[in-house]
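Step one of this worksheet: look at the structure below.
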Amino acid sequence: MEVQTQTEVQQAPFVKRSALLYKLKKNKLTMVGAVILGVIILAALFAPLLTPYNPNVIDAANKFQGPSWAHWFGTDEVGRDIFTRILYGARLSLGLAIVAIVIAAIVGLMIGTVSGYFGGYIDQIIMRTMDMILAFPTLILAMALAAALGPSIQNAMIAIAFVKIPVYVRLARSETLSLRESLFVKSAQTFGIHPFRIIRKHIMPNSVSPVIIQGTLDVGDAILLIATLGFLGLGAQPPAPEWGAMISIGWKYLLDFWWYPTFPCLFLFLSAGALNLMGDGIRDVLDPRSSR
Amino acid sequence: PSDDKGDGTETADGQGGEKEILTVAMTADQGTLDPAVTMDNSAWKITYPAYERLVEYDGESTEVKPGVAKDWNVSDDGKKWTFTLNEGHKFSDGTELNAEAVKASFERTLAIENGPAEVYSVISEINVESDYVVSFELGENFPPFLSTLAANYGGIVNPKVLEHEKDGDLGQNYLATNTMGSGSYELTEWKQGEYIKLSINKEAKVQPSIPEVYFRIVADGATQRMQLEKGEIDIAEGIPTEQIESVKSMEQVELLQKPSLLVDYVYVNSSKGNEALKNPKVRQALSYGIDYESMINVVHQGYATPMRGPVPDGLWGHNPASFQYELDINKAKSLLEEAGAKDLTLTLLYSDNKTWWETEALTIQANLKEIGVDVKLNKVAYATSREMMEKGEFDLSLGVWSPDFGDPYMFMNYWYDSENLGLAGNRAFYQNEEVDKLLRQAATSNDQEEREALYYEIQDIVIEEAPYILLFQKDFVLPVSHSVKGFVYNPMLEGIYNLAEMTKQ
Amino acid sequence: MTKMIFKRLLLLVFVVFGVTLITFILSNIIPGDPASMMAGQRANQETLEQVREQLGLDQPILTQYANYMQGLLTGDLGTSIRTQKPVLDDLIIFFPATLELAILAFFIAIIIGIPLGILAAVKKNTFWDHASRIFTISGISTPVFWSGLLVIFIFYGVLGWFPANGRIEMQVNPPTHVTGLYLLDSLLSGDWVAFQSSLRHILLPAIVLSFAQLAIITRQVRASMLEVLEKEYFRTAIANGINGPYLLIKYGLRNALIPTITVIGVSFGALLGGAVVTETVFGWPGMGKYVVDSIAYLDFPAMMGFTVFISIGYVLINLIVDLSYYVLNPQIKE
Amino acid sequence: MSLAGWKGMDDMTMIIEMDQVQKYYQKGKVTIKALNDTTLSILEGDVLGLVGESGSGKSTFGKLLIGLEHPTGGEILYEGNPLWKKSKYVRRKPGELQTVFQDPQSSLDPRMTIKEIILEPLYALSKNERKQKGSYDHLIKLIKRVGLKEEYLDRYPHEFSGGQRQRIAIARALITEPSFIILDEPTSALDVSVQAQVLNLLKEIKEERGLTYLFISHNMSVIKYMCSKVAVLYKGNIVEMGETEELFNNPQHPYTEILLSSLPSLIEENEQKMKGFAETAQSKTENSCIFYEKCPKRTEKCLVGPELELRGKDHMVACHY
Amino acid sequence: MLEIKNLHVNFQTFRGTIEALKNINLTVDEKEVVGIVGESGSGKSITALSILNLLEKNADIIDGEISYRGENLLTLSKKEIQTIRGKKIAMVFQEPMTALHPTMKVGEQLSEVIRRHRVVSKKEAKQLMINALKDVHIHNPEYVAKQYPFELSGGMRQRIVIALAMAAPPDLLIADEPTTALDVTIQHEILQLMKELNEKKGTSILFITHDLGVVSEVCDRTIVMYAGEVIESGVTKEVLYAPQHPYTKALIEALPDGKDANEPLKAIHGEVPNLMERPAGCAFASRCQHVMEVCKMKQPHLTHWQNQHDVACWLERDG
């Protein structure tokens, strides 16, 4: 065949990307999830317009007010408006948790696929290290990180990402072990493709599904973890509004002032559910077989 | 075994209704129970009824009455205390409690060199004068000595404890989970994390009326509440003040409310913190900046009493005429202005050790904002907060304090003596030579009236200097079932039950 | 295979060594002085020094570590600073309770989660799928303290069907100690009363604890099942007349199980150390509370002992998980 | 054993030399000899046909060459250099050696579009080469030649018929312009017309660039049409090999004879002509001829296995008769 | 026995609708062996899959009827069709590697299918399984039964897939290119086996292949498909030796059998039409050597030509 110098064919053609978008749009549940999450995020961004209260200013005279027109979701133990705190808290809780989990999932996916693909010593070293991370009490790790890096929200995020990594590593690795033996990976090997490209192009896309599922489920957990770290002085310091903290302080009041822990819980549920819907949707879209 | 029919209310671990059993719900399990080791007030509720002391607190007062010792006297220089013992007190295995046993017990405590040994470090020698007379030689005059003997670590341990000695631990390991005393009760079963069971000590001089007492661990306040309502427990220790209202409406439950000696205060770091805090005017301004009334309402739903001077109401040495700061924003502002402290930003250290601290911190933050002081909350892990307190790495810090023995020494000398900087007690890092001098004088006099006068004098000074913001005295609030009678609250023995005198119907 | 197991067990030593070393270093980074926690509320400088010396905290950190490791080799995990008791004794008391709770919770999560996941996959985007999603997501996103308290309120407070607290009725003698797991022990010794009592006590906390795992298992099974359902061999099986549970389990689940088992392995380990909240809410005398208290107290020996326990547990569980890969997919080579 | 006949032509370079190559699979106590003491060479420009019973080790042969399995024993040289060094595969210049797998479906990444799949091997090449060979025109030309269409490029493998997938695999093997291609049943899933198209293409390319093929197939007419030399495998052993003409016209080994006669063809109606295996199977012994079990011509003598020996020009047979 | 009437199948993709099958009509009578040949991608497998209702999820059967012994398979409930699958109608899939459960031993897979369709004990099933493996000429069946699919050669897998389909044995066997991976000797044996099944047990066979040699060997009747349509059908001998449609003719000419190795094979030039935009007229028009004006305008329908021989072509033919 004669050779022509021509522009190289684009690897990620426009068609493919628009196909993904098309599929995402057609997936109703994904859209439901996206809308719920979008509303929460928008509400968080425009919180000052939506509520007349300041999330941090206390109003002792109005503590433990039940839901009413003035306070939709009631007030807390120092009289702050819970609705307001939920909206402002979304910025912190949801944002931090999602970023932490995304970091953990991406790093975990990379480490896990590499570990599973190469096997041998690399695998042993990586996996035993993961065993170690898993075996640590999260609290010790967080406290130590706080001490070493200094307490800040970013560090809380790093701490959470760090302790969450091993799960993703193990998940990605388990899939990789099977994929490594599949003929299409083997055939890529026979072409002489660089192992990292094989991992990136063949292993990762095919092992990402359980990672996505786990990731969307982990966000709720991460929000609660942020709260735990907050209590230990790592992470958001009071009075910053934060869902996890609202829930873990508020739960003691469940029997008397049910609205206090319940509404933050409800928002946690809504966001976790929305993320999960989106996660399932993304899984579907990435699977070329489910074309509708 | 109880019946397991599953027919509703009574099937749950129901022994609350039974006459022979008293059930107390406590929020956490105990650590070691060795009186020579533990400094933890909550362990006392188990050990206090299991051991006897030379002297005991008298009813509701913080004064002492005879215990094992029927009388005592002190030498003029205050350095020699001699006790004459009652005969017939026996340990649970029948061993007699005599002067030898008292000597052995205290020597053991001193040898173990733990917290309690420090309290008794003034003791230089213990002598058995006769079978029932024992004397203590002190290294220096220490008037509160008598009071310390009524505390938990004054509990007299059976000398046979040494039979359980392992690796030279003087029986510490054994006593950690067992009792060997002459009190009315002895520990008969301890299921870690679940409950501790006390049964009557057959050899005890006073035979109580309730045969078995269970201390159940129910960490969750709401659960305690439900259990109390169902009569499954008789006394609920762990119901937070926010939930107390609902207990009031329970028919079969009585709510005890007494002022306690637990003081809630803010350390204002007077020498190691923010420069501005070195100026007494700034500290006064802070004290003027707090809305005490609303603080009590917000933080404890009103279950607390405002302070008057550092010595709490209920302890001798308390001066009802002391000055107490009140909210006065203008005054505070002008004081700050005088001191030239503008745009003051202070950190407020606290941890999650006390559940109400968060609310308290928020309230202080809001209050001080009114007088133009910016407060940055710094919440850390408890252990970290202790280290920071020891080192003085804070501007303001939340804290609570309660006395180990019934003497104003517990407040005055600990809080204000510059020898005790840091965790030891002077957590405001307050240094005043005159105060030091007066404090030491008060600590070495044996004349209570003279001491009281000295403490009054010192109180006036330190109230003026304001190294601590004195917030309130927390009330002791305890829901007790109507079926339980005879409980007497002694502020020195908070969380401890006079089980020997209590009855159940 | 045996060789591999052996190798992994050897590496266990390495892991334990590493974990303890890092815990040791980390816990020394954490500001706070265990002596200050132990010496009592108002310890002065002198007492602190004394206590430090007693605990050996005045020695260089490496010496401390060496001493610790020396003890470890002889099975001595040191003495807890907080409880003043040998750490091993404490853990032996608390571990079985946590283990029992975790195992039952897992049992529940698996029994419900796997069929639910299969159902959701087979009936994708139908009522069943959505119902299972709402159920599982609410399980994972309602924190245990919330759901736990609610469950106690309903089943103890209102209905009175179950006890709120503890492991067994105080008047019921626990079964003869064999494994430390009451349910198992009472069955072994034929102690029906103890069995009933402990079952009634464990059920609520186990169910609440299983919620989070349930969600993870269900969602993972669903996702992997969807993948398998599209496979050609699955279609072949249908064409050959295979149907019903056999088809779904042997042809479907079996090949969907690897990621599920992986998350189960990881979270089972996490459960052992992380059931703190459940244990607190239900007054369950387990290890979780012990550890959190120890950490708050900077009780190094207790923290270390716990870490050693957990790391051994993790390595063993993950070893089993890894071995299961070879069974589930014989093509995977060692 | 002598390789004289095969090594004779000094003027031609040897691409592959195999010496006593074995591949055993161990499963528990049983050893499967997928390939047994195989010795042969492939000359540049050859099209070596590999035929034989199903399960006789043909695919294994190919796998050894591309590094998917490592030999249990023996040596394989590629252009004079050993392919395997201490059970580590030494990769040749990327893109030089390509394969079309027997199982096209599972050799295609289900999450890649056809375009990505076909271009994938280029990523082993230098950037320049990739630009050249991956140009759009080049790609389109190639897929047209294997009978695919431009609009297929954005589809995923599962959207194709078996034959279409096979053609994708072929296109993928051709994109790097390799010099040696292992084709494992490349046309078995193709209909005759496309088969013709693909065979023509393979032939053309070979002519154009002097390629070498290892052509595994069971379709004797295809082998006859495509190959210059043929080796017949039976249970992991080469029982006969030689020039195609010679072998087809003058089969020496009874198994080859059976193979050739059982060809279903609609040109000649040959049902009756077909030669069969022995009526009764005889279990073979350790040393016996590999075909002893089913050989219609077996005798006592065959209980001691024959060696591969030269019969006529370049024609080797392992049979006593 | 099996009658497909007017079957239309579309695939929905986000690029558009692919008309994969258009107006398929075919019948298989009792005890008959019918072959389907045709270009790759012409819809042979899709036809087979529609019979058992096993099409991919993005497929729509928009029209038509598939009746098996009078029952319309397309309207059956999931449960009802499942009783037919494997037992009454079984199928050999085209790609043997992916058609087998990758992590189950092949013997186990086979015995389970046997147990599904015959009332036998586990032990008997195992024996039957060994016999079935022997039937498809697996040497050493006891051993192979314990292997996983990835440990087998392509041909062995294919034979296992065949054994699976014949386990019942079914009344109708749909074999989608069942012998592609087999060497000629074994292919011959397998074909014999199928013939035997057909003759002794009366199993009808729908045999999909592109190997015209095989068709001539086993099929009673042959159907030729092109671009999702049937373009010629009739008794095998007639279709192969007297092909009427230009496409059939071209197919036969493309065979390499006996061709000179130096001459290129006669492939059909041009390409299959895009199934998303079918041409108005005959689908083969663009590649046909005898194309006429009418071919481009109007689609020819399958019309009877002579004794059972139907053709869809506008060309004049005698008879």
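Labels A, B, C, D and E are assigned to the chains in the order they are written; within every chain, residues are numbered from 1.
Everything that follows uses one rule, which is that contacts are C-beta pairs under 8 Å (C-beta built on N, C-alpha and C of every residue); 3 or more make two chains touch, one makes a residue touch a chain.
Since the model is a prediction, treat every value here as computed from it, not as a measurement.
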Joint neighbours of subunit E and subunit D, given as chain labels: A
Contact-graph separation of subunit A and subunit E, given in steps at minimum: 1
Higher-contact pair (C-beta pairs counted), C-E versus A-D: A-D
Between subunit C and subunit D, centroid-to-centroid distance (C-alpha), Å: 54
Mean-CA-position distance for subunit B and subunit A (Å): 46
Intercentroid distance (Cα basis), subunit D paired with subunit B, Å: 89
Centroid distance [mean C-alpha coordinates] between subunit C and subunit B, Å: 37
Subunit C, residues touching no fewer than two other chains: 30-31, 149, 153, 230, 232, 329, 331
Sequence positions of subunit D contacting 2 or more other chains: 103, 105-106, 154, 158
Junction residues of subunit A, two or more chains touched: 19, 143, 147, 181, 183, 254-255, 287, 289-290
Every chain pair in contact, whichever chains are involved: A-B, A-C, A-D, A-E, B-C, C-E, D-E
Of subunit A, residues touching subunit E in the complex: 19, 22-23, 26, 181, 183, 289-292
Residues of subunit D defined as touching subunit A within the complex: 66-68, 91-92, 94-95, 97-99, 101, 103, 106-113, 115-116, 119-121, 123-124, 130-139, 141-142, 153-154, 156, 158, 176-177, 205, 208
Complex contact set, residues of subunit B against subunit A: 221-222, 225, 240, 242-243, 245-246, 294, 297-298, 351-352, 355, 358-359, 361-363, 365-366, 376-381, 384
Contact footprint of subunit C on subunit A as seen in their complex: 29, 124, 127-129, 131-132, 134-141, 143-144, 147-148, 166-167, 170-171, 174-175, 177-178, 180-181, 209-210, 212-214, 216-217, 220-221, 224, 247-248, 251, 254-255, 261-262, 265, 268-269, 271-273, 276-277, 280, 283-284, 287, 289-290
Complex interface listing, subunit C residues touching subunit E: 230-233, 235-243, 246, 250-251, 254-255, 328-331
